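Consider the two complexes below, in which subunit A is the common component and subunit B and subunit C are the respective partners.
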Partner chain A sequence: MEKMQCQCGHENPPGTILCESCGRSLTEKEQNSKLVDMRYEGTARRSQTYNKSIIDKIWNFFSSVKVGVSIIVVLLVASAIGTILPQHMYVPATGEAAIRDYYADVYGVVGQIYHFLGFHDLYSSFWFIILVGMLAISLIIASLDRFVPLHRSLKNQRVLRHYSFMNKQRIFAEGEGAEDSFQKAESKLKELKYKVSTDKNGLLAEKGRFSRWGPYVNHIGLIIFLFGVMLRMMPGFYVDETLWIREGETRSIPDAPGYYLESESFALETYTGEEEEARFGDAIERVGSVVKNYQTDVVLYQSQEGSLPGSADEKEVLTEYPIRVNQPLKFDGYALYQMDYKLNELKSMTFVLTNKASQEASEEFTIDLINPADFYELEDGSTVELLGYYPDFDGFENGEPRTATPLPNNPGFLVEMVTPETPEGETSFIIIQETIEPFGENQYELKFQSAETRHVSGLTVRKDRTLPILGLGGLIFMIGVAQGMYFNHRRFWIQQKADGTFILAGHTNKNWYGLKKDLDEVSSFASLPAYTDQQEEIEKQEKKEGDEVK
Partner chain B sequence: MSLADISANLLYIAFIAYLIASFVFGGAVKGNKEGSFASEKRWGNVAFTITIIGFIANLGYFFTRWAAAGHPPLSNMFEFTTAFGMTLVGGFIILYSLYRTPVLGMFVLPIALLIIAYASMFPRELSPLIPALQTNWLAIHVSTVVIAEGILAISAGAGLIYLLKVVDQTKKSKQRFWLESLMYSLVLVLGFVIISSFFTLTNYEADFTYVDQDGRDSSITYEMPPIFGMNEYVALTEEAMTPLVSTPAVVHAGKLTTVTWSVLIGTILYWLIRLVSRRRISQIFQPMLKNVNLQLMDEINYRAIIIGFPLFTLGGLIFAMIWAQIAWSRFWGWDPKEVWALITFLFYAAYLHLRLGKGWQGEKSAWLAVIGFAIIMFNLIVVNLIIAGLHSYA
Partner chain C sequence: MNNKSGKKKKRVIVRSVILAILISAIGYTLYNNATADDVNLLRVGDQAPDFSLMDLDGNSHRLSDYQGEGVFLNFWGTWCKPCVEEMPAMDRQYEEYYEQGVQILAVNIAQSEFEVKSFAKQYGLDFPIVIDKNKSIMAAYNIRPLPTTVLVNPEGKIERIVTGEMSEEDIAGYMEEIKPE
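Coming up: the complex of A and B.
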C-alpha cells in the first residue's frame, strides 16, 4: 500500500484517517462525518489497514475487541462449569480409576458424563490452558495494535491544526475575542496545570496524557502475571511436597537438600467456651466443637557444609518455631505450612511372653512399630524373633499376610518364641485382639500389655519463586487501571486568525463535564467566544427529527 | 446490657431507619407528579438524613460487634451478608451525594433491607474463629470485597431503574420477561425471609439421622417441615411430618426443603401482588419513573463500576491470593469461591471492554450491570450454601 499524501504535504502511513500533521480528514467517510473520530487520534492501526496475508488475518483476529471479549466470556463460562461438581483434587479418592468411580458412585450419570468430558480436571485441561494462552496473545496484539500508532501520534502532535480538524471536534468555538485573549488563555491554562505549547498564532494545551496509557499498562500487568504463572512449570521455580512427620521424628525436608526438620510435638486445641470464651458458648454448643489451633513445634536443622548427606550428627540448629495455620515457617525461600494431622498413631506395643498353662509371664518388652528390632532376648533366656512385620495388616494373600500401607494402623506380627521349655520354637501370628497359631496349639503366647501413641503432622513444603513476578504483575495491573480510569486526557487547541477572531476546539477521552468546567473558567477569564457541544447539538437535532416523524 | 445486645439493637435501629427512608424516598419520587422538583428535593433530603442516621447505627452495630467478638464481624454468613447490606447503603450514600437521586434510594434501600433480613435468617450468635481465619487478612480481604460488592450492587440498582423505565410493558418481549423474572426472584427472597421467620418464631424443629454421600452416618435438624427427606433418613422427632419424597445422597434434602418452601411462599406472594394490583411488578414501578433521567442512571451505573471493579480486583483477587498463600500454602486452588471471584472479575472486565470499546451504553449496559449483581448474589448464596468448598463457613 502507498503512503497517503495530505494536502498540507505531509506523508502519512497507509490507513491513516486524520493527517498526522494538520488533522485534515483523509478518508471519504471521515470527510463526510460531522465530527471526527478521535478514538485513536485517527492513526493508522495495522489491523484496520492490512488484511491480505495469513499473518494479517491472525493479527486482525486477536486485535479485535469482539474476539477478546468472546475469549473472556468463554473462559468465564468454562470456569463456571468447573464448579458444578468438585474438582478431582477435592474428592476423597486417589488414583485415576478410584476418582472415576467416585464421580459415578456419588453423582450418578451426571458424574459419569462430567468425568468423561474431563470437567473433573477442567482447569489443567489442554483446551482451558489454550484459552488462557489465547487471552494472553489477544492482550499483547490488541495492545500493540493500538498503543504503537497512538504513542507515535501523541508524541508528534502539532500545535496548528487545519480548520476542518478544529470544527469537527465535539467542543468548538469561533468568533470575536478580546485583544489579550490569547495571552490570558495561555496563562489561565497554565494555572490550571495544563502543559501549553505555542506555535505562531496557535496554542495547544494538554493535561493528563499519561491516562491514555492506562489500558496498556494494565494489560502489561496481566501479561507479567500470566508469564509468572507459566514460569512455575520450569524446574526449580516451584516446589510442592508433603511431609508427614511424627512427634519426636527428624526427617529430611523433601526437595530442600541439606535441611532437616524435627517435630517436638503436635497439638490440636478446641475452644472451651469458658471464661474468656464464654461469649462463644452458644455457637460452640450449636456446632459441637470448634478448633482453635493446630500447631507443630519444630526444630529446623541444616547439615554442616562438607558433611555427607544423611550423616546424622553433623547438623546445626537453625531455628525453633511453632508452625501454625497462617504462620508458616519460612527459610531460604521455602515455607512449611500446617496442613493436616493424624492423632494417636501407634508408636510401640508392649507384650509379655506367657505360659498358657501356668499363666506365668516374663518381663515386658516393647516393639517399636516404625523400626522394629528383629530379636528380643528375655531374662530367663527365652527369645522372641520377629519373622515378619505387617504394619497395616489387611488379610492374607496366597497364605501370606499382607500389609495395605507402611503405616502402623493395624500391626500384625509373625513371631517365633523360643523358651527353655520349647527349644524348637513355636510360631504365632498376632494382630490386635487376635492370635493365630498356624502350626497347631502352642504352649506359649505373647500377651498384649499396652501401646504408646503419638500424633503426626502433615506439613506442606512449598517454594514458589514466581511470587515476586506475580506480585509485580498485580501491582502494575492496579496502577494501570487507576491511571486509565481515574484520570483523563484533556486538550484545547486555540488559534487567532489574521482578522483577530478566534477558533477553539477541545477534546477529552472521557469526563466531558470536567473538560467543560475547565473551559468555562478559561473562556470567562480570557473572554473567548462561547463554545458549543456539537455532540449534544446533533443528538438534539436527531431527537427533534425523530419526534417530527412520529 | 452486654455489648453484643447493644450491637443487635443498633442493627434493629438501622433496619427500621432504612425501612422508613425507603418510604420517604418513594414519597419523594411519587409526590413529584407535576414535575415539581422542589418537593422531590426536600423529601429526598429528609429521606437521605434518615438513611444517614440508619447507616451510623449500622456502623455502630458493626464496631460494637467487633468489640464484643474480638474479631471483625465478617466471619460467617450472617456477618458477611449483613455487612453487604451495610456497604450497599454506604455505596448509595456516596453516589447520592454525587448525584442527588431519590429514585435510587427508593430501589436500593429495599434491596438492602431484603439482604439484611436474609442475613438474619442465619445463626446470629458470636462465633469463634477457626485457625484459618485468625489473622488480620480477614479484616483486610473481606472488608475490601464487601465494600466493592456494595458499590457494584449500586450499579445494578441504577441499571434496574433504567430497565424499569425503558422496557416496554405493553408488548411481549424477552426484555419484559427477564425483567419480570428479576422482580420475581426478589420476591422469592422475601418468601424465604417470611417462611423462615415464621418457623423460627414457632420454634419448629425436626431431627433426622441419615447416611451422607460418603457413606457416613450423620444427623440433621430441619427448621422447616421436611418436604424432602435425606438419604436413608430416620426420624427422631415423633410429631414431625414424614417427608413426602426421599432423595439420593448427592442431594441435600434439607437445603432443598428450604428452597422449596421459599419458592412456594414467594410464588404465592408474587401472584397475590399481581392479582391485587392487576399488573406485573415491573409495571407497578413504571409510573413512578417518569422523571428519571436515563442518562444519569447510565452514568451512575458506569461510575459505580469504575469504583467497584478495581476495589473488587484488589480485595477479591489480590488480597485473596496473598492470604491464600499464607493460610493454605497456595495463592490459587480453584476452590469454587475463588473461581466465582474470577468469574466476577472477568464479567466486569467484559463489561468495561464492551462499554468502552464497542459503545455498549444505555440499555445494554443496564442489563450487564444487573447480570453482574446476579453473579455476586450467586457467589454469596449458591456457592456458600450449595457448592461446598473451603469458604463454606456458614
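Coming up: the complex of A and C.
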C-alpha cells in the first residue's frame, strides 16, 4: 500500500483517515461527513493496513477489539458453566478415576460430558488456559497497534490545522473577535493550566494528554496480573496443600522441606449463652449451638541444617502457636490456616480380662491404638499378647483380617490370653461389640471398658509468592482506570484569519461539559465568537425532521 | 522501494518475535499445569533425595550409603491391597538380585511398629523395612498413590517411578534396569 500524501505535503502512513499534520480528511467517507471521527486521532490502525503474510494475519486477528471482547465473553460463559456442577475439589472422591465416576454416577450423561470437557477442573483445563493466554495476546497486540500510532500522531500534531478539520469538530466557532482576543485567549488558557503553543496566526492549547494513555496503562496492569497467575503454576511459587494432623502427632509439612509440625491439641469452643454471652442466648436457642472458636495448638520445628529427612536428629523448636480461624501461623513465606476438623477419633481402648463363668475381672489395661505394645502383663500373672492389630477392620480375606485404612476407625485385635487356669493360652479376635473365638469356646474374654479419643485438625498450607506481582498488577490497573476516567484530554485550536476574524475548535475525549465550561471562561474574557456544539445541532435537526415526518 | 521492503521485513520479524514469545509463554504454562498434578518435585533423571531411616531391627539406612548399588524404593502400607500383594514377589526377587547389588528399601507410611513388624513376620520378608513416621520421606518424594516404587540407579539418580501394582516380571525387569554393571 502506498503512503498517503496530504495536500499540505505531509506523508501519512497508509490507512490514515485524518492527516497527522494538518487534519484534512483523507478518505472520501470522511470528507462527506459532518463531523470528523476523532477516535485514535484518525490514525491508521496498523493492523488494518497490512494483510499479507500469515504472521500479519495472526497479528490482525489478535488486534481486533471484536476478537478480544469475544474471548472475554467465552471466558465468562465458561466460568459460569463451571459453577453449575461442583468443581472436582468439592466432590467426595479422590483419584482421577473415582472423580470421573462420581460425575457420571451423580449427574449422569451431563456429568460425563462436563467431566470430559474439563469443566470439573476449569482453571486447569487446557482450553481455558489457552483462552486466557489468547486474551493476554489480544490485550498486548491490540494495545500496541493503537498506542503506537496514537502516540505518534499526538507527537506530530501541528498547531495550524486545516479549515476542514476545524469546522468538523464538535465544538466550533467562527466570527468577529476583539483586537487583543488572541493574546487574551492565550493568557487565559495558560491560567487554566493549558499547555499553549503558537505558530504564526494559530494557537493550540492542550491539557491532560496523559489521560489518553489510561487504557494502555490499564492493560499493562492486566498483563502483569496474568503473568502473576501464570507464575502460580510454576513449582516454588504457589503452595496450597492440606495437612491432616492428629493430636500428639508430628508431621512433615507438605511442600515445606525441613519444617515439621506437632499438634498439641485441638479445641472447639461453643458459646455458652451465659453471663457476658447472654446476648447470644436467642441465637443459641434457635440453632442449637454456635461455635466460638476453632483452635489447634501447634509447635513448629525445623530440622537442623544438613539433617536428613527421617533421621532421629534433634529438631529445633521455632515457635509455639495457637492457630485459629483467620489467625494463621506464618513462617518463611508459608501460612498454616485452620480449615477443618474431625472430632473424637479413637486413640486407645481399655479392657479387662474376665473369666466368663465367674465374671471375675482383672485390673484394667490399655491398648494404645496408635502405637500398640505387643505384650500386657497383669497382676495375677495372666498375660495378653497382641498377635494382630487391624486399625480399620473391614472383614477377612483368605481367612486373614484386613484393614481398610491406617486409621483406627474400627479396630480389630487378635489376642492370645494366658491365665494360670489356661496356661495353654486362648485365642480370640475382638472388634467393637463383638468377639470371635476361632478355635472354640474360650474360658476368658476381654471386656471393653472405655476408650480415649483425640481430635484431628485439618490445616491448609499456603504459600503465595505471586501476591506482590498480583498486587502490582492490580495497582497499575487502577492507576490506568483513574487516568482514563478522571482526567480528560482537552484541546482548543484558535486561528486568526487575515481579515481579523477568528475560527475556533475544541475537542475532548470525554466530559464535554467541562470543556465547554473552560471555553465559556476563555470566550467571555477574550471576547471570542460564540461557539456551537455541532453534535447537539445535528441531533436537534434529526429530532425535528423526525417530528415533521410524523 | 528498498527502504519499503526493508521496513516490511522488520515488521514481520518484530511481529513474529512478539507472537513467538507470547505463544511460548502459554505453552510453558500449559506444560507446568499438566505436570503439576503428578510428581511435581521429582522427575526421572533427578538426584534421589537423601534420607535416613531406622529399620525394624534398629539399623539405620541412609540412601546415599547405597551409592554404587541399585535401590528399589517401595512405598507401602498394610491397608493397601496391591502393596500387600506385591510383597512376596519382591521378597523372591530380592533373594535373586541382592547378590547382584540391588537393595530393596520398603518405606512404610507412618504405621505403628507393631503392625509393620507382625506383617513382616507373617509374610517372612527379608528385605529391610523402614517406617516414615512423620511422612517426611513421603513429602520429599511427593508420593501420592500407594504403592509407588522409585527406582534409584547406582549413580543415585532416579531411573523410573512406578505407581500401582507390579507383577513379579515387572519387578525383575526393574531390578535389571538398576543393577550395577
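Note that in this section the second predicted complex is superposed on the first by the 461 of 550 C-alpha atoms of A that agree within 3 Å, B and C clash if a C-alpha of one lies under 4 Å from a C-alpha of the other, contacts with A are read in each partner's own complex, and residues count from 1 in each chain.
Note that in this section a residue touches a chain if its C-beta (ideal position, glycine included) is under 8 Å from a C-beta of that chain, and two chains touch if they have at least 3 such contacts.
Owing to the predicted nature of the structure, the values given are computational and were not obtained by experimental measurement.
Trainee: Please indicate which partner A:D56 is in contact with in the superposed arrangement: first for subunit B, second for subunit C, both, or neither.
Mentor: Once the two structures are laid over each other on A, A:D56 reaches subunit C alone.
Trainee: Just to be sure I read the superposition right, which of the two partners does A:N293 touch: subunit B = first, subunit C = second, or both, or neither?
Mentor: Touch status of A:N293: first partner only.
Trainee: Just checking: does A:A482 make contact with subunit B only, subunit C only, both, or neither of them? Give me first, second, both or neither.
Mentor: A:A482 sits against subunit B, while subunit C stays out of touch.
Trainee: In the superposed arrangement, does A:P372 touch subunit B (first), subunit C (second), both or neither?
Mentor: Second partner only, subunit C.
Trainee: In the overlaid three-chain picture, which partner chain does A:P438 touch, first (subunit B) or second (subunit C), both, or neither?
Mentor: The answer is neither, since A:P438 touches no partner chain.
Trainee: Touch test for A:E277: subunit B only (first), subunit C only (second), both, or neither?
Mentor: A:E277 sits against subunit B, while subunit C stays out of touch.
Trainee: Touch test for A:G395: subunit B only (first), subunit C only (second), both, or neither?
Mentor: Neither partner.
Trainee: A:G333 contacts which: subunit B (first), subunit C (second), both, neither?
Mentor: neither
Trainee: Is A:I141 touching the first partner subunit B, the second partner subunit C, both, or neither of them?
Mentor: second
Trainee: Residues on subunit A in contact with subunit B in one complex and with subunit C in the other?
Mentor: In the superposed arrangement, which is not itself an observed complex, subunit A uses no residue for both subunit B and subunit C.
Trainee: Give every residue of subunit C touching subunit A within the complex, in rising order.
Mentor: Residues 8, 11-12, 15-16, 18-19, 22-23, 25-26, 29-30, 32-34, 36-37, 40-41, 49-54, 60, 62, 77-79, 81, 109-115, 117-118, 130, 132-140, 145 of subunit C touch subunit A in their complex.
Trainee: Over in the complex, which subunit A residues touch subunit C? Could you list them?
Mentor: By the definition above, subunit A touches subunit C via 50, 53, 55-56, 58-59, 95, 124, 126, 129-130, 133-134, 136-137, 140-141, 144, 230, 233-235, 249-255, 257, 260, 308-312, 370-374, 386-389, 391-392, 402-406.
Trainee: Write out the stretch or stretches of subunit A touching subunit B in their complex.
Mentor: For this pair, the touching residues of subunit A are 65-66, 68-69, 72-73, 75-76, 79-80, 82-84, 86-87, 89-90, 92, 106-108, 123, 240, 271, 277, 279-280, 282-284, 286, 290-294, 324-326, 328, 335, 337, 339, 460, 462, 464, 467, 470, 474, 477-478, 481-482, 485-486.
Trainee: Spell out the part of subunit B that touches subunit A in their complex, as residue ranges.
Mentor: 4, 68-69, 123, 125-128, 130-132, 134-135, 137, 213-214, 248-250, 306, 309-310, 313-314, 317-318, 321, 325-331, 333-336, 339-340, 342-343, 346-347, 349-350, 353-354, 357-358, 383, 387-389
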